[in-house]
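Shared between the two complexes below is subunit A, which pairs with subunit B and subunit C, respectively.
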Partner chain A sequence: MFRINISTKIVSLFIFSALFSINLSAASWDVPADKKSKNSFIKFNDASAKEGEVLYNKNCASCHGNPSKGNVLKSLKPTPPDLASDGTQKLTDGELFYILNTGRGLMPSFKNVLSENERWKVIAYMRSFNKKYVQVLSNTDPSKSELVKVNMQYDAKSNIVTVKVVAKEKTGTVVLKDAEVILFAKRYFGKLQLDKSMRTNNEGLAYFQYSKDLPGDKAGNVELIAKINDEAYGELESTTKFKIAVPTDKPSLTEKRAIWNVLVKAPIWLIITYSFGVLVFLGFLLYLVLNLLSFWKIGKI
Partner chain B sequence: MIEKEEQPKKKSRREFLQQLGIVGVGTALGGSAILAGINYDKNKTDAQRIRVLTAENELLEIEKGDATKIIPSKHGNLTYLQQQGRDGIAGKRFVMVIDLSKCQNARKCMAACQHAHDLRPEQHHMNVLKMEETETTPPFYMPKPCQHCDNPPCVAVCPVDATFKRADGIVLIDNERCIGCRFCIAACPYSARIFNWAEPLNAQGDKDKVYNVELNVPQKKGTISKCLFSADQVREGKLPYCASACPNGVYYFGDENEDAVTNGTTKETFRFKKLLEDNGGYTLMPELGTKPRVYYLPPKGKTVPFQDKDREEAAEHLHHT
Partner chain C sequence: MLEQSKKDKVTSDLLASIRLTNSFKAWMAFLSISLIVCLGAYVYQLNEGLVVTGLGDYVSWGMYISTFVFFVATSLIGMLISAVLGLSGQKWAAPLARIAEIIALAFAAVAGLVIITDMGRPDRLLNVFIHGRIQSPIVWDITVVTIYVLISTLFLYIPLIPDLKICSEKINKLHPMAQKAYKLLSLNWNGSHEQEQILKKLTRSIAIFIIPVAFAIHTVTSWLFANTLRVGWDSTIFGPYFITGAFVSGTSAIVIAMYFFRKNYKLEEYLSLDLFDKVGKLLVLVSLVYLYFNINEYLVPAYKMKKYDALHITALFTGAHALMFWSVQFFGLVLPIILLVFNKMRKPLPLLIIASFVFIGGWFKRYIIVVPTMEHPFLPIQNVPLNFKVYTPTLTESLVTLAPFILVLLIITVLSKVIPVISIHETIESLEEKNN
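Coming up: the complex of A and B.
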């Protein structure tokens, strides 16, 4: 009896944990209710779908293939869905937007890759494969983000960049509280995130720690990009140039003398040896000619 | 005898006057021509001058009559493209980081590369190799492009200056100069170079294209081709074809001077040196002193099984693009 008891306990524990893990994975696929009902402020039409297609081909097609063609990347586990399929199309716009924002498992987040407008356009493209789809437009005004003013300042002593976010409404200046702020340094191919993403405090301020060893341009300038995401005012980016980076002016890689470099940049020893060799050869030829000449002269007498 | 010698030196009055006359008339004619020219220049209106933009982006004003219309030939800007390709992008030192722990042999990089450079299916600038170093160590997939060495043996052996290294670190091949001697193939310790033995894949379609040394298109039969770090993409601030096609986040590409590399899949940017430090980055065959610009992160914690089946599936993807 005791044994049975233990084994049932183990079995039940196993079942429980299995159920729990299924629940857990299912839970991670859930989208919060407020995000689920989010709608696009961009109208889904042929124009927006066309712009979305370009973005889709660049960012999504390598895994999800071309919608409705079924050419998804089957070697991935789990296999990514065809985005024209019913399973995807039955999701709300808000759910699709949330997935694009956060990413899932192997799928990366596109929050910092595509702007909010661009993310909606990708969804516009996906929706163009669903004939039954009827769009519900959001009543948020995208032009509201233009009212937001971002002010960045830095303190070289403590290595802190302060970002202040306010909105210049007609009624006066409104401080944006609890808005998400992400600070990036501009790089040639992308944006390098500095510190974690922060939320503004009651004064609309967010503080970021930056490292002193970040390379900048010749003068030590670096372009900082603050990305603001606010429930009421939407998404925007603001760029400011600061002299907080290490001045970087490395010589070009073809500057050095090397055996593989162009003729004028060849190693000195090589130039000398080669020139000497050529001179010796020419000298020998001259010697031969002079000797022949003296023979000829002797012959003439 | 003496009289005869002296005679030619003496000038008769007639001869002198003759010469003076010629010089005088010449001067008068020349002077009037110059005067007419100055007058003509003075009277010129704005309508007779036109503005032209040079290839160096300089705005010049020239006379209408002086301008010759260039009939656009199909090889018109060849020299410009080739010069730009040789110079490289100032102030940059491009690097690539390949994370072996993430490679699942999807072969999307190879397909994108072959598509961009008009390569035959058996020609690889980028090749995903099957690696099994000993019987006891786990096998893994290793994408292998040209290593774009800072001390390139291939460039040192080229007898015609066809292959060269640029200021930004990229090693390229100029198919218009290449004589097909294949010394560079023999010199490269990474087997990164291929030879166009047969007529290139898209020879007919590419016939009228202007040769771009940063793309190696059109490919030329009897010449070398190799990985270019997608120099044409990089010029526009875009990631290489292979890096942006990868679905598994294997590739990072960036500028060493900026100490930043961007992942081709997630587009997330990392500090280059920290990425190498944290993950034990290494280069291939460092003992040769070639100083590669391609870095590898070891296949640590690789969860994807190594199967022949993957290969077959990958072959199927090559036909999609």
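Coming up: the complex of A and C.
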């Protein structure tokens, strides 16, 4: 699913390097107007910037370096910009958010890696390098997402996972139409996206093709995560456990006796060989000592 | 029956070295002062940490580990002379048995200490025993080195018992305490047939037992390297390669020891020219075997030049380590073999010079085995200062490396001053045999 088609990669690299060699400006990102004016509902202050710094160091610094230090990964083409630079700072919050969401060329999308809150915090950190920056707060109420209820159903016959998204307003239940829904399976590390991202229909329903060969835990359990993104209600995630995956029992490499394991899990043959060697030596030592003892006794008489 | 006068002459000749001379005192003073200087360097390293050495993240094994391998190697001479030659009935080697055992014991005991100098936190040494995993060759190494030191001590001590009795009785003007110690250690030896039988039995059984132990100690030492996947170490012949190399440095060590004992302790009659000639031939034999292993060890990867092997081989053959590599092979192995084929070269002085080259070459050979591989890891070395990539030993490190050599000389000197370096009991016995 994460495999990138080589030819696409080459083409995008080519286009990208062409674009960057001409003009390293916001225009090259082609951000839709409505996205450009999007603002953060998180206040950019020292606290949010500090949290953003941790996320930045983990996810962004390997290519973009430390903002304002100019230590970007120069071996990449196009060279990633220093995010404290004017070129980046003159972009709107919405544009930065859009870039983080979509990614392009060598830069991956962070939409499913970081939550919306986290993505805004990364931008808060970037903005902390710009003294002139004045934040325009969004009037979106992030607590609205708490009203959203997600229901997931699996139909074995059609092999389809149905996600229903509604909001429980005080005035009654509201169906979320045209909300973006992405379905994931939880993995040891990160999430595995299942099928394409969908939009809810007029009944608030989105349908996903489920692949039957998905490995689960020993009992065949898998946790499905639906990520909802709605204009009015914001972003949220909901997890439901299903017993629909292939039961998988792969003992960890450190469970069995092995060379690389701890002492108590040493291979039996090794314990026997080693102990045998040491015991033979101790036996031999005893033989020598006993003989020397009788040697000493003989001389005493 | 051997005349009593002849027996007395042997006894007094071989006991002559056990007395405090001025030259001995001067030599001991020199060794002690040198050792103190080197220990000062070690204390400095202990306070500052391994940062005062040339060791780092990439080359974490340098001169210390090379010295450790060299010491373990040299200590194998005890097994070769006393056990292999002894058991196979090579009577000519009998006078060398005790010298070989003294060398073996000194080098093996100090080898354990050398390892500690390579530890940044030697105060955590106990953790190796508490948390050691028997899957690790390091734990096997500690086990076999300890066993070898103990067995070598007994191999020195048990055949020595009759001589200890002679020491307690025949040495003039002996301090009463020393006399008591000799007597106590001689375990009531009275020369009876029964005691003689036990002594023979034990000596023989240790001679047999020490062979697998000695093979184990150096094979396991080679496995510290060969059980990794690193270029230059990932080899199936490392065990025998190390063992044969051990015989070379061990034999050269015994030549050096023989020469000085012969000169300083006036043992010309016992360490005869014939003996030097034979040991010279032995050195040729073991060097040829080692040369054969060297050709194998370098030619096979050099023929194939696998990606990472090529880096390593090129560095050795034509790169940064080429001078040392070829000097070691030529002056430490090829030239000595050629020279020692000639009778004249197996006389004491020329043999001493050749053996010294072999001995020093032996140390550099271990350096060539240990260091270049460490400079060629599989993952590229990036964004580090030059001194991380290229190992350069520091002065402190060199002084600390000298310490074990001085310690070995001290141990050998002291042992040769408290016990006869050639067995009196066995010399008389063999003379009696010849007489009958």
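Observations
Heads up, the rule we're going with is that the second predicted complex is superposed on the first by the 222 of 301 C-alpha atoms of A that agree within 3 Å, B and C clash if a C-alpha of one lies under 4 Å from a C-alpha of the other, contacts with A are read in each partner's own complex, and residues count from 1 in each chain.
Note that in this section a contact is a pair of C-beta atoms (placed from the backbone, for glycine too) under 8 Å apart; a residue touches a chain by one contact, two chains touch by 3 or more.
Nothing here was measured: the structure is a model prediction, and the numbers come from that model.
When the two complexes are overlaid on their common chain A, residue A:65 makes contact with subunit B while staying clear of subunit C.
When the two structures are aligned on the shared chain, A:156 is found in touch with neither subunit B nor subunit C. With both structures placed on the common chain, the touch criterion links A:232 to neither subunit B nor subunit C. In the superposed model, A:262 makes contact with both subunit B and subunit C.
When the shared chain is aligned, subunit B comes close enough to touch A:193, but subunit C does not. In the superposed model, A:73 lies in contact with subunit B only, and not with subunit C.
In the superposition on chain A, A:299 makes contact with subunit C only, while subunit B stays out of contact range. By the touch criterion stated above, A:281 is placed in contact with subunit C alone, subunit B being left untouched.
In the superposition on chain A, no contact is made by A:272 with either subunit B or subunit C.
The larger set of touched subunit A residues comes from B, when the choice is between subunit B and subunit C. Residues 259-262 of subunit A are contacted both by subunit B in one complex and by subunit C in the other. Only residues 259-263, 266-267, 270-271, 274, 277-278, 281, 284-285, 287-288, 291-292, 294-300 of subunit A touch subunit C when the two sit together in their complex. Interface residues of subunit B, counted against subunit A in their complex, comprise 88, 90-93, 104-106, 108, 150-153, 155-156, 161, 164-169, 237-239, 244-249, 253-255, 257-262, 265-271, 310, 313-314, 316-317, 320. In the complex of the two chains, the subunit C residues touching subunit A come out as 131-135, 140, 143, 147, 150, 154, 158, 161, 187-190, 192, 194-195, 198-199, 201-202, 205-206, 209, 213, 216. Contact residues on subunit A toward subunit B in their complex (touch as defined above): 58-59, 62-63, 65, 71, 73-76, 106, 108-109, 112-113, 184, 187-193, 213-215, 248-250, 252-255, 258-262.
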